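Here chain A shows up in two complexes: once beside chain B, once beside chain C.
On to the complex of A and B.
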């Protein structure tokens, strides 16, 4: 059974509205581009080889485009793009330090804050390090531009310093934190407090409750979104 | 024939940052040339043009009078060996010997030839006794020498050393200095990037000073570190070597190394 367009279109519409309101459209291009391989594969697979679909629209060589497959493909693609845009809006509008500071003030443990924060902050650092390692090994004659099997031989020289360096970083960072009393039992006093108006609080709670209600209603069979 | 030629080289990173502007100079085979300047002055970007890790966005780079152009980095690695600043960005092998073998193996060396270049490189950097040691059991300064050995073993006619004395004690600096002289003695061209101007004055015969992606001074240390150039050096946050400042205070001109100052003082007292 094919589900209707209401779900994917309303989710996409809501995300698009947020993008327009926040004015971060330009910064979302990379998120859309990153989702393209998945979107393209979803479109191709569902459009041409959707199981048991018989409503053929056209035939391209050994493949048949079906109406059912095309509909499912477009709906799934819309969901993926909406998801990518939602993450993009979050990243573009939310300062990680501010978010973690506020979460800590609201009771999130320091260890949890450290794990989340360092995992996210590590990404650009790892990308930078990967670039340096590739440069260093290429300077020693490692072929990263030749045939695939030659490039595959470079996996260990590239992965070795990457993993070793990351482990070393974690160890150093842990020691540096401990040296600054990271594990001290005292509760830290938040220096910064972030503006949180009544409208914002109402919107947060309202949306949270709406999600719970919609999930319960849909799963329970009381609401059938076409 | 020049070993290296930069002709009007400019480079702009993809994010729009201009790192090099109109850099033009040549290096003769066997010359020892130091490139100095503050962080961000374009030194590392410039030397990365030599082995194709970066390609000039303006002008051209020639190695042995052949344009680097679109030649593969793996091919250029036969001509230019580049030792990076941080050894931990390249070390991956479980044994010192295996790490040093990596470069020459990539260049096709095997058997007795491979063992010869590896042994020579290990002797040169003073790690011959540690050939079977795990690299991570060595301290940072020795890992740095290991990274240097892995480039020396490639026996490239041009060797580029990016901050070779960082993390080295006085003995390590002396070791690097003797390696540079040894390489030049073999007719190999050595380019060194360094913030250690004492090391630069003692080791290199020519100094290229960079600021804002361009060359502002180029000449022998005795000329570059002369008192008249100090304001220019200060403009790129460089302080002349102590020997040069000491000599200037005593009214001795042209002395920028420890030995030359001592010799000038000896000559003055005997005269």
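On to the complex of A and C.
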């Protein structure tokens, strides 16, 4: 069963509009480039091997390009790029610290804020640490290049010290948090406040309600999207 | 209520970001850099589930997927957050049931679980060996099949070796629990992969989807087949890794976590 073009095209259009309005287009290049392996995989596999598609357009070796497959591939690719761009716009326009402190003011617990914020900040540090571990193991004679099988073997000397070191940090972090009254029952008083106009608030609520309404309408069969 | 709040003490809150970062960094390396047919992206989730409880485990899994999607460009993991949640939830249940506890045993009590574990591993690998789609030379799948079989054999040797050397039945039960988790994860993730991405997710596992489709499977069954190819073996390894991590951590440290004592059991006499 093939879905129509309205869905993917309108989602893509809406995301492009936000890209143009926010003017962060140049910073999104890396998001699009990073999505290429996924997009290429989607295009190739669906175009050449779509189950039960018979409308052949061309034949390359043992594989056949089908019209159905090509349609599905392009729609899925459009959806995936729109998804990547939407996340890209969010990351490019929103500062993590600002977002978390505003969410805390709106009632997000300090535990949730700590888990999310510190996890995001920890990823690049752990990548750095993984690099250091690989260098150290290489200096001890570990082979990290060449055949996939050899690289897979390198996972054990990488993962071991990484997880071990990270777990050791947990103890120190617990002490540090406790020393700073992390489990105190009182709420923290936010000092920074962020501008939030009535129009923006209305737009947020409106968009949220629109999503719910559209989902209910399409699933319930009242709105037939071609 | 206390059962819930003790899963989120300061120590667990300090562990969760570490677990999430381990999930993301290892998972990204395995799937996008090494392009292996497994994931290894739930070590942190299962560790938190076992040490802190099912709800903390589920939250770690869900947050891992969502943060991964935002922190690293070009990923397809976000929509799979519910699957990661189920994995963490199950890990909490296994931890509560004491699957990861040391079980010194002799004779039948030791070798029966080992036989069950080997049977479970064989049950998961045999369909891969017998499926003609995985031997299609048009794809590099024979390499992948060989890799997954080698991993399964290594896992079997690990279970038998640990049982023999340490006289401990726990590794066998851990393998069974991991395999069960993997089967459930595969069933949960297939509809997401099929509906959101048409079954293609940009990782090393795509080649398996392609081979299954060429062999005549439809979008959903190709995604499900790929899940059954990768998930059970992946979760079995992950559970095994968590067992080894727990065995390496000091008991004093483990006992400070809410479910720590349940997870590792009483001090051996």
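In this section, the second predicted complex is superposed on the first by the 222 of 226 C-alpha atoms of A that agree within 3 Å, B and C clash if a C-alpha of one lies under 4 Å from a C-alpha of the other, contacts with A are read in each partner's own complex, and residues count from 1 in each chain.
Heads up, the rule we're going with is that a residue touches a chain if its C-beta (ideal position, glycine included) is under 8 Å from a C-beta of that chain, and two chains touch if they have at least 3 such contacts.
Just so we're clear, the structure is a prediction, and the values are computed from it rather than from any experiment.
**Student:** State whether chain B and chain C clash or fit side by side on chain A once the two structures are superposed.
**Tutor:** Superposition result for chain B and chain C: fit.
**Student:** For A:42 in the superposed arrangement: first (chain B), second (chain C), both or neither?
**Tutor:** In the superposition, A:42 contacts chain C only.
**Student:** Taking the superposition on A as described, I'd like to know which of chain B and chain C A:142 touches: first, second, both or neither.
**Tutor:** first
**Student:** Residues of chain A touched by chain B versus by chain C: which partner has the larger set?
**Tutor:** Of chain B and chain C, more residues of chain A lie in contact with C.
**Student:** Let me test your reading of the model: by the given contact rule, A:198 touches which partner, first (chain B), second (chain C), both or neither?
**Tutor:** Touch partners of A:198: none, neither chain B nor chain C.
**Student:** So, A:164: does it touch chain B (first), chain C (second), both, or neither?
**Tutor:** The answer is both, since A:164 touches chain B and chain C.
**Student:** A:181 contacts which: chain B (first), chain C (second), both, neither?
**Tutor:** A:181 contacts neither chain B nor chain C.
**Student:** Between chain B (first) and chain C (second), which does A:132 come into contact with in this model arrangement: first, second, both, or neither?
**Tutor:** It touches chain B, and chain C stays clear.
**Student:** Just to confirm the value: shortest Cα separation between chain B and chain C in the superposed three-chain model, in whole Å.
**Tutor:** It comes out at 8 Å between the closest C-alpha atoms.
**Student:** Can you list the residues of chain A that meet both chain B and chain C?
**Tutor:** On chain A, the residues that contact chain B in one structure and chain C in the other are 158-159, 164.
**Student:** Applying the document's contact rule, which stretches of chain B touch chain A when the two form their complex?
**Tutor:** These residues of chain B touch chain A: 48, 51, 53, 72-74, 77-78, 80-82, 84, 86, 88-93, 102-103, 106-107, 136, 150-151, 154.
**Student:** For chain A, which residues count as touching chain B in their complex?
**Tutor:** 129, 132-133, 135-146, 156-161, 164-165, 168
**Student:** In their shared complex, at which residues does chain C touch chain A?
**Tutor:** So the residues of chain C touching chain A come out as 8-11, 13-18, 20-22, 24-26, 29-30, 32, 34-36, 40, 43, 63-64, 67, 69-76, 138, 143, 147, 197-202, 206, 209-210, 213-214, 216-219, 222, 241, 245, 248-249, 253.
**Student:** Going by the contact rule set out above, which residues of chain A touch chain C in the complex?
**Tutor:** 30-31, 33-39, 41-42, 45-46, 49-52, 61-63, 72-73, 76, 80, 84, 87-88, 90-91, 111, 114-116, 118-120, 122-123, 125-127, 130, 148-149, 151-152, 155, 158-159, 162-164, 166-167, 169-171, 173-174, 177-178, 182-183
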